[in-house]
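Next, two complexes with subunit A in common: one pairs it with subunit B, the other with subunit C.
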Partner chain A sequence: MHNRFRKRYSYWLLTAPGLVVFLLVIMFPVIYSVSLSFTEWSGYGTPKFVGMKNYIDILSDSIFLHGLRNNLLIVFISVFGQIPLGFIFAYILHRRMVGGGRFFQTMIFLPITISSVVVALLWNQIFSASGLFTAFMRIITEDPRYVIGMFEQKNLAIVPILFVLLWMHTGTYMVIYLANLQKISPSIIEAAQIDGASEGQTLRRIILPSMFPVIATTAIFAISGSLKAFDLIYAMTGGGPAHFSEVIAIYMYVNTFKYYKYGFGSAASIIIILLSVGLILILQFFTRRIERRNG
Partner chain B sequence: MPVRKSLLPWKIFAYSIMVLFTILAITPLLWLLTSSFKPHAEIVRNPLGLPRTWYMENFRRAWTQGSLGVYFMNSVFYSIIATSITTLFALGSGYTFAKFNYRISKFFFALYTLGLLITVHSVIVPLFVLETYTGIGNTRLGVIIPYIAFGLPFAVYLATGYLKGIPDSLEEAALIDGATYMQIFRYIIVPVATPIIATMFIYTFLSNWNEFVLVLTLTSKTAIRSLPVGINSFAGGMSRDYGLQFSALVIGTIPMILFYLIFHEYLERGFAAGISKE
Partner chain C sequence: MRTTRYGLLIGMLLLLVPAVMFAGAQREEAAGQSGPEKISLSVYHYLDQTDKTTAPNFQELVDAFSKQYPEIELTFEFGYGESFHNKLQTLAMSGQLPDIILLYPGKRTAQVTSAGLVKDLRPWLQGHEDEFASMAMQPQGKNGEIWELPEDISITSIMYTNNKLLEQLGLTLPKTMDELLVQGETIRKAGLIPLAMANKDDWAMQSCFAGMIAERTCGLQWFDAALAGEASFSEPRFVRSLEIIKQLHDENMFSPGVNQLAYGQGLDDFVNERAVYLIDGGWTVNQLVGELTDSQKAYVTLESFPDITNQAGESGSTSATAGQGFGMNAKLDEKQAEAAWKWIWFYSGPEGSAIRQRHGRLPAYNLDTPKEADPMIQKLIRYAAKAPMGYVLDAVIGAEPIGVFNNNLQQMMFGNKTPQQVADELETMVDEIDRGN
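Entry: the complex of A and B
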């Protein structure tokens, strides 16, 4: 009896500190945020219940919709840019197709260790009139007055940002895939190649199917990461000019902390979660179908 | 595993794409480094060349005028304290979740997994309100507590997974010899878990060091802000002197690159555990 009490006491002593902090800082605020999203509140007095008004206002706001479009482009570049490129790099390194693999791996992974804010300001400099990109383009185009014009165009303002995101995050996927490729038994690949399978066949028939669950998992994190993209864009353009490079998280941040619309901002943050969950469910629907077909 | 000789086209493709992306990855960083040693006028006139003289003044001014010294020390403080506490708490939970066989552990573990999907943005408004009400808003404590919390889900996930893979026999023998659970934690679990502790610590340290939104919203005093927020307000807005901007960015970059080059094995293992945060 004494021993059982001691075990239970130790359990809570070891589990509770983390749990309390986690529940107070993350779980409780999430629930609070949901209830705030149905109110109008500027931080003073009591929140006023307004039902679905915030959600309706957000979904019919053209700034929000442009932000949503930009977010979906970020999802696109993550899933169809960073993931395939990361996989190609991992595959090349794993199959030892290049010498000095360790060097390449370190260099490609390097950008991920740098803070998004530093990356943002660095690339702003690169794109500026006295920047690396501009100097390079002036040599290529032989136009000594070339400056990048994309940032001032509503539809293209997000493009340089997409490029920087690709630059920054491809290394993460490479490292994840590399670790998982190493779990595939080399004897399976050797056996296939002795039986005359070409490199392309080995990749298609053996490696890709066994990597499929990992790729699907990383796609989930690419989606939720893309929808919460904030630091880099906030420091690079702040969503500007004229909301051209807006994303939902910036929309949420500005409405909350510049205009003090706490209820409205909470609704925007709930929309981010709902969108992630929705896209992830769609992804899982397709993943299951492909897995079933692969049998 | 060596690639067969018939694979020349693959090799050419492999080399070109690897070399291209590597150049793309490091050129901006090398350019940043060389530019930081040029005075403003030289950056504008000659953006590509090496600096004519290695001008150190940028760094001295950024460090003092831009308060980067203050921000730097704050970042060190937040990262070390929050990361240590996260690691300790996560290891405690990991031990109980992996070894105590209580049914409620499954529920707690599921909560932490859910926490992996929750972003800072979805809690920032209530957190801001809560901190203002409890009086820890705009204090160091008000930064450290959320840092601990946001580090926990991934760290608990790592610790639990690792400790589940350790045989029960050591622990059982110690129990029979009359050791308490806290003694087992201290003298058996902690030493055995050293590799995962290193991974947890280094991975969490990196995310805390680079964290931006929490400090941006929860603090407003220079004295308690961290390096990313400080660099953003200094290099992003106030300074039109490119030399100062570049040296500020270098100050923000160098520690993490050194950190990475020293600990890359643990860091990559953290990322490779299947989940990355961004």
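Entry: the complex of A and C
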């Protein structure tokens, strides 16, 4: 009895510092943000309780809905673009299907070592209306007023950003997969090949099942990262022109810090959290089903 | 054993306390012996520290102040762009507002001034009011308070003109907008840009053009009435100003991809003689002084946008506002406030204004035109003396309505909204948020 008490006491003692930090740094801001999201507050005076008004306003705002659509496109390009490409590159390099593996590994990983703001400036230098590509196209088309029309179309303005995100983050996944591929014992693959397994069968039957937990984890990172995407987009376009390339994190930022609507901004941030948690739960549901099916 | 250890620890700590206290006293004594008591003040300023023109110019002013007032020690913290305002808001909310803060006369920093966080400068300013341009002495608070002493008069819309290009194309300065539109074809055929402008950051079209054109179509009196709620932004005369922007955009008068160009690109096109006209604020003279060659300075002039049909405003008018300036924290005691005022007065008064004028600014403090000043500065001073001035929209309309309006101007240029819709939305937001607040 005395021993059990001492054990419990020591558990509490050991976890207390971490728990206190977690409550102060993570839980307090979230709870504070939730309570603020039901108010109207400009930063001064007493917040005025407005119930669900902020949430209703946000969910019926076409700018928010367009931002959400852009976020979902980023989630799509992350999960179905960055992850598969990262895996393919990692697999090619791991299985030494091309020469100069180290060179390609460095080149693919290079973009992630550059700051988002620098990447944004770099791509702007190339594709902006005063950029290199535009200047080149003006010579070819002999039209001194040529500009890339995509940037001025509501539904397409996000596409260049998706491309840059794909270019920038694929390397991260590649490195994660490469590290995990190296953990698979070569003797298993060799044994399979001696038994006559083709490259495709080795991939499907041995490598993919071994990599599945890592792929599922990276998918969670990709979803949560995509929903809070901010820095690169803000530096590239600021969400413009006319909100065309806006995402919900920029929507939240503008309303909170430009218009001083702290309650409204908090509601937007809570929506981001809920979306993130919701999508991750859906992913986990499917992941568990697949794992169960694979035994 | 344990008790002894605790005892030793407490003893050591007690020994440290007087040591720390004496160290502090010695420092104060040393300061007292070396001359008059030093006063340290923190200053929060709007400055791009990487700007090769404005940053050294500002440092020159600080050095001159330090030489004159060695007993006042200023510690600067800088912000630039949107981050300046975000940080100011955070500092204000957390009760950590610096001693001296750069503030704006209109709505831009109203969240700080209207919350009673800064002192009214009138007691210090008393007797000096006539030394400033009348625009700079407009009341900034509901009871006539002056929260900040404006450093400059900020003219936000000037049509910088390259007369050499005009002559080469066989054109003359247009007197009406219709003439300007006709010129557009000749200019474009020569592979040049008629009106260089960059509106990616979405404020430029509103700040450097819409205010001026609204003054022309509506007139100042009507605008006062609209701000007070006695007239509506949905009225045809305001809608007409937006139609003009749309027309100029649709007829390819602005830079190609005007809404994709980052601010500064218009200036680049103009300096490199790829554009005949540049629409930009008076602050651009600061850059032009360094960027233009001496021969360019001879043929570049500062003009007003030409007259428009049936204009209600004045011919040759522009948009202007009293610029930003320093204010002081309401919590400062008498001694600190006196020291803070010395900096505020030095900066916006005769000494600082003379330094800024030498570098191409248009001070709010009345100064004679310096004969040795750069030709572009002399042109700016002459322009300011003759041009009637209307409102800058973002100086008189709140942050949210103007933010939405800026975006709507882009939507309108892309054809997603009509001028009437943009005007209606502005009216709704101004009515909900601004009027009566």
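Some notes on this structure:
Going forward, the second predicted complex is superposed on the first by the 249 of 295 C-alpha atoms of A that agree within 3 Å, B and C clash if a C-alpha of one lies under 4 Å from a C-alpha of the other, contacts with A are read in each partner's own complex, and residues count from 1 in each chain.
As a convention for this text, contacts are C-beta pairs under 8 Å (C-beta built on N, C-alpha and C of every residue); 3 or more make two chains touch, one makes a residue touch a chain.
These numbers come from a predicted model, not from an experiment.
Once the two complexes are laid over each other on the shared chain, residue contacts for A:V75 go to neither subunit B nor subunit C.
Of the two partner chains placed by the overlay, subunit B and subunit C both lie in contact with A:G43. Shared-chain residue A:K154: touches subunit C; no touch with subunit B.
Look at A:F257: by the touch rule set out above, it reaches both subunit B and subunit C. Contact with both subunit B and subunit C is seen for A:S130 once the two complexes are overlaid on the shared chain. Of the two partners subunit B and subunit C, more residues of subunit A are touched by B. When the two complexes are overlaid on their common chain A, residue A:M107 makes contact with subunit B while staying clear of subunit C. Touch criterion not met for A:A90: it reaches neither subunit B nor subunit C. Applying the stated contact rule after C-alpha superposition, one finds that A:S269 touches subunit B and leaves subunit C untouched.
Residue overlap on subunit A between the subunit B contacts of one complex and the subunit C contacts of the other covers 43, 124, 130, 134, 257. Residue ranges on subunit A touching subunit C, taken from their complex, read 42-44, 124, 128-130, 134, 144-148, 151-152, 154, 237-238, 240-243, 254, 257-261. Of all residues in subunit C, those touching subunit A in their complex are 82, 85-86, 89, 92-93, 111, 115, 188, 191, 200-202, 252, 255-257, 259-262, 265, 268-269, 399-400, 403, 407-408, 410-411, 414, 416. Touching subunit B in their complex are the following residues of subunit A: 6-7, 10-11, 13-15, 17-19, 21-30, 32-33, 36, 43, 85, 88-89, 92, 95-98, 103-104, 106-118, 120-126, 130-132, 134-135, 167, 169-172, 175-176, 178-180, 186, 189-190, 193, 199, 214, 217-218, 221, 224-225, 228, 230-231, 234-235, 249, 252-253, 256-257, 262, 265-266, 269-270, 272-273, 276-277. Remark: subunit B residues 1-4, 7, 10-11, 14-15, 17-18, 21-22, 24-29, 31-32, 35, 43-44, 47-48, 89-90, 92-93, 95-97, 100, 102, 105, 108, 111-112, 115, 117-127, 129-130, 145-146, 148-150, 152-153, 156, 180-182, 185, 206, 209-210, 212-213, 217, 227-229, 231-232, 235-236, 242, 245-246, 249, 252-253, 256-257, 259-261, 264, 267-269, 271-272, 274-278 touch subunit A in the complex.
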